[in-house]
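So that you can tell them apart, the chains are marked A, B and C in the order they are listed, and the count of residues begins at 1 in each.
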């Protein structure tokens, strides 16, 4: 009898019981830290005040105020936006092109698809290291090829105005395969009849793309752009590994600033302020995109 | 007509060229990892005497001699495996509950979960470090490494959508036969959702195998590093030997490649309707 | 494969052993354990340190020194993380200019109560000033560094330029130096008159070229380390930076060429760090050295990795004994300097190191008389980033006054905290 009671209790509350582990972890690992980040950002919490609590003070918005006038941080924001503005359209465009090329079952298309996708399943850290070798001014193959074409060797990552462009190129190369896959999945959902109808009207491949594929991929495109934008904003591994934000801050990004403030300088209050600002930026961008994109794509 | 043919050839040539450009860096990585140290310094010119160079696995042996690579790769497997396994059950159970079962305040709770997706991990990194690393003393500790990733709002959202699309027939039939919800979740819903779950597992695996920020933060010992962090350190560890570094890179990539190839086939073969056919 | 399995097995065995051993920790023992962290430099340097440490362990039986090498990349954040986890070793090695940061954060503890007057006087003054924050001594280094002018005897001969003197008394005045470079440029097209390693950027630029500002009686920072305004942007500093820009404007040096010009005999002079010496010797170059040129007063850089005691050390006396060993002339300084080509940090050690006092006495002379420590501030990381940016931008052709004004704005915020 008692056993039955327990059983029926368990069964009646199955929903809650099944969901509680995830809810609990999410609460502990997302909501609590988020609130903590918010609270910490209004204090001067640092290594100093953690080791000696007497130094801990509530400093109000001063972390935010000093960040927004801090040229180094503004440079980081600027670099991150520059990266995003170049990577998102180029990567999305390239991915769409790839998807159109490899859509099909011919062997060469399968091989190409794999080679486009390989960088995605090679981690960013590995690729950063590989590109550091490729772009090495003295022993890297790229400079050697350039010199064979009698072009001056380039400093690449060691030059202020080239470093970010190198990181952009390599990031586009790394991520395009992923978006290509998303586009391919989107293309599978396009009814075949539409292409058949187009074939009857003798439309060219370009017209096929322009009037059938692209319009029907609208939602996929929005999704891809959104995801890519957020990923682009998180730019960290490449500058952290390849350039440490240099030369002369040319590849300093928001997350690298966050990391340096927290784990190199030990200023957790200030770093938390950066993380909250970062959250606000990501939130704003995704809200804006969600509202703006459909119109732009229609026109 | 010939114009069309020309176009086709042009497309093919462009495509193949792009493919070559895309694959070259990775081939270069593998090539360099097999080169003797003195040839690495010749860069691309070493290709000229490709046939006289003895390619060898010496660099791979060097990696094992210079750093505890087995340790590193073992930790990485453990890390990704634990997250994928725990995540599989925790997330799918929650998703199933929200898809099928009554939960007090369910709609609000689910909206909240969806809202959590937008919070980037980077925003949580510092408090998590202070909480887990400093307060709970979990620096260089396995629990500290995987705990933040056990539940994932996005996976819950994604799996719930999938559960909602599944037909209810099987579950209703089981319900009539007096099976408990737990049984139904475990032996009916979970197998039915296999494609979605495998997708989650692969995505988790790829993301966490490549995970960088958190493993970097929560470790300050060279014996407690995932492959990514280990590589990051190895490549600045004097003496800088590019052959060794590339060997490390190749070895840090192979597991991900293998698992992806294995599981990818699975995705294609499984089908959402399989459960009903049987 | 089998060997690796064996290794794995061994590792398991060792960890088991370790567990057993650590359980037995409570057994009575009179040995004091001192933990130490060092940064992992070049293999030769690491080996030298290892043998210094094990020589210490062999020399007595009361203290057991347990050391760990930590990688240079991310070294600072490892120290911080360990401090928060209350897991700091007793002694840490740190990069000199960061002494102020770690002292301010409460990671380093002063050692001026432990050092004797006699010992203090034996150190080069730059070692002491690098280790002193708010009048308290925190760190001691075993070696020093400097920058001199290296010149190619062959190229100078071909240009009929007499070799510059290696004596500090005859250091070249800046205008004279530039006219020499101009002379070389006119006579030998294709030769870069001066190699400056600008692509190294980062710390190098701050370290190597701030002395030029000092040599015009300029400064980067006030003495308390609180402000750059009125120092970095005063007339002398700006003038010095303008002089520095001439190197690149007049094409006497190049900011983009990769390093190694001198080795390839494509550069006549090098603004070169001390440990280029063994490199150039090994390459069999025919070269000489001269003091750094100056604008109004000769100045030169200094600084190195150094050793300090942490606040979490409970065994100060024993830790001090270890530290004394590491910076002792015979047991610590000489073996290390022979491995990394460093300049001995103590007068008594310099005397013992005859090669140094003979062929490279200029290095020591500079350190004794013209050298200065890098600015002392808890925000050194930010400072050096901005200062090196400033040098770099100016090399690339930025307007000096504007660039300086920008840097001052950037730094005012972050340094005051």
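Assorted remarks:
We adopt the following convention: contacts are C-beta pairs under 8 Å (C-beta built on N, C-alpha and C of every residue); 3 or more make two chains touch, one makes a residue touch a chain.
Note that the structure is a prediction, hence the values are computed from the model and not measured.
Distances from each chain's CA mean to the overall CA mean are smallest for chain A.
Highest inter-chain contact count (C-beta pairs) belongs to A-B.
If you average the CA atoms of chain B and of chain C, the two centres end up 41 Å from each other. Centre-to-centre, using mean CA coordinates, chain A is 15 Å away from chain B. Chain A and chain C have centres, each the mean of its CA atoms, that are 38 Å apart. Among the residues of chain B, those in touch with two or more other chains are 134, 232.
Among the residues of chain A, those touching two or more other chains are numbered 50, 263.
Among the residues of chain C, those touching two or more other chains are numbered 77, 81, 84.
Per the touch definition, chain A reaches chain C in the complex via residues 46-48, 50-52, 66, 69-72, 137-138, 153, 155, 158-160, 244, 246-249, 260, 263-267.
Of all residues in chain C, those touching chain B in their complex are 4, 7-8, 11, 40-43, 70-74, 77-78, 81-82, 84-85, 87.
By the touch criterion stated above, chain B contacts chain A in their complex at residues 11-12, 15-16, 18-19, 22-23, 25-26, 28-29, 32, 40-45, 90-91, 93-94, 96-98, 100-104, 106, 109, 113, 116, 118-120, 122-131, 134, 147-151, 153, 156, 180-182, 185, 206, 209-210, 212-213, 217, 227-229, 231-232, 235, 242, 245-246, 249, 252-253, 256-257, 260.
Residue ranges of chain B in contact with chain C, taken from their complex: 64, 68, 70-71, 133-134, 137, 139, 216, 220, 222, 232-233, 236-239. Of all the residues in chain A, the ones that touch chain B in their complex are 7, 10-11, 14-19, 21-23, 25-26, 29-34, 36-37, 40, 45, 50, 98, 101-102, 108, 111-112, 115-116, 118-127, 129-134, 136, 139-141, 143-145, 173, 177, 230, 233-234, 236-237, 240-241, 255, 258-259, 262-263, 268, 271-272, 275-276, 278-279, 282-283, 286.
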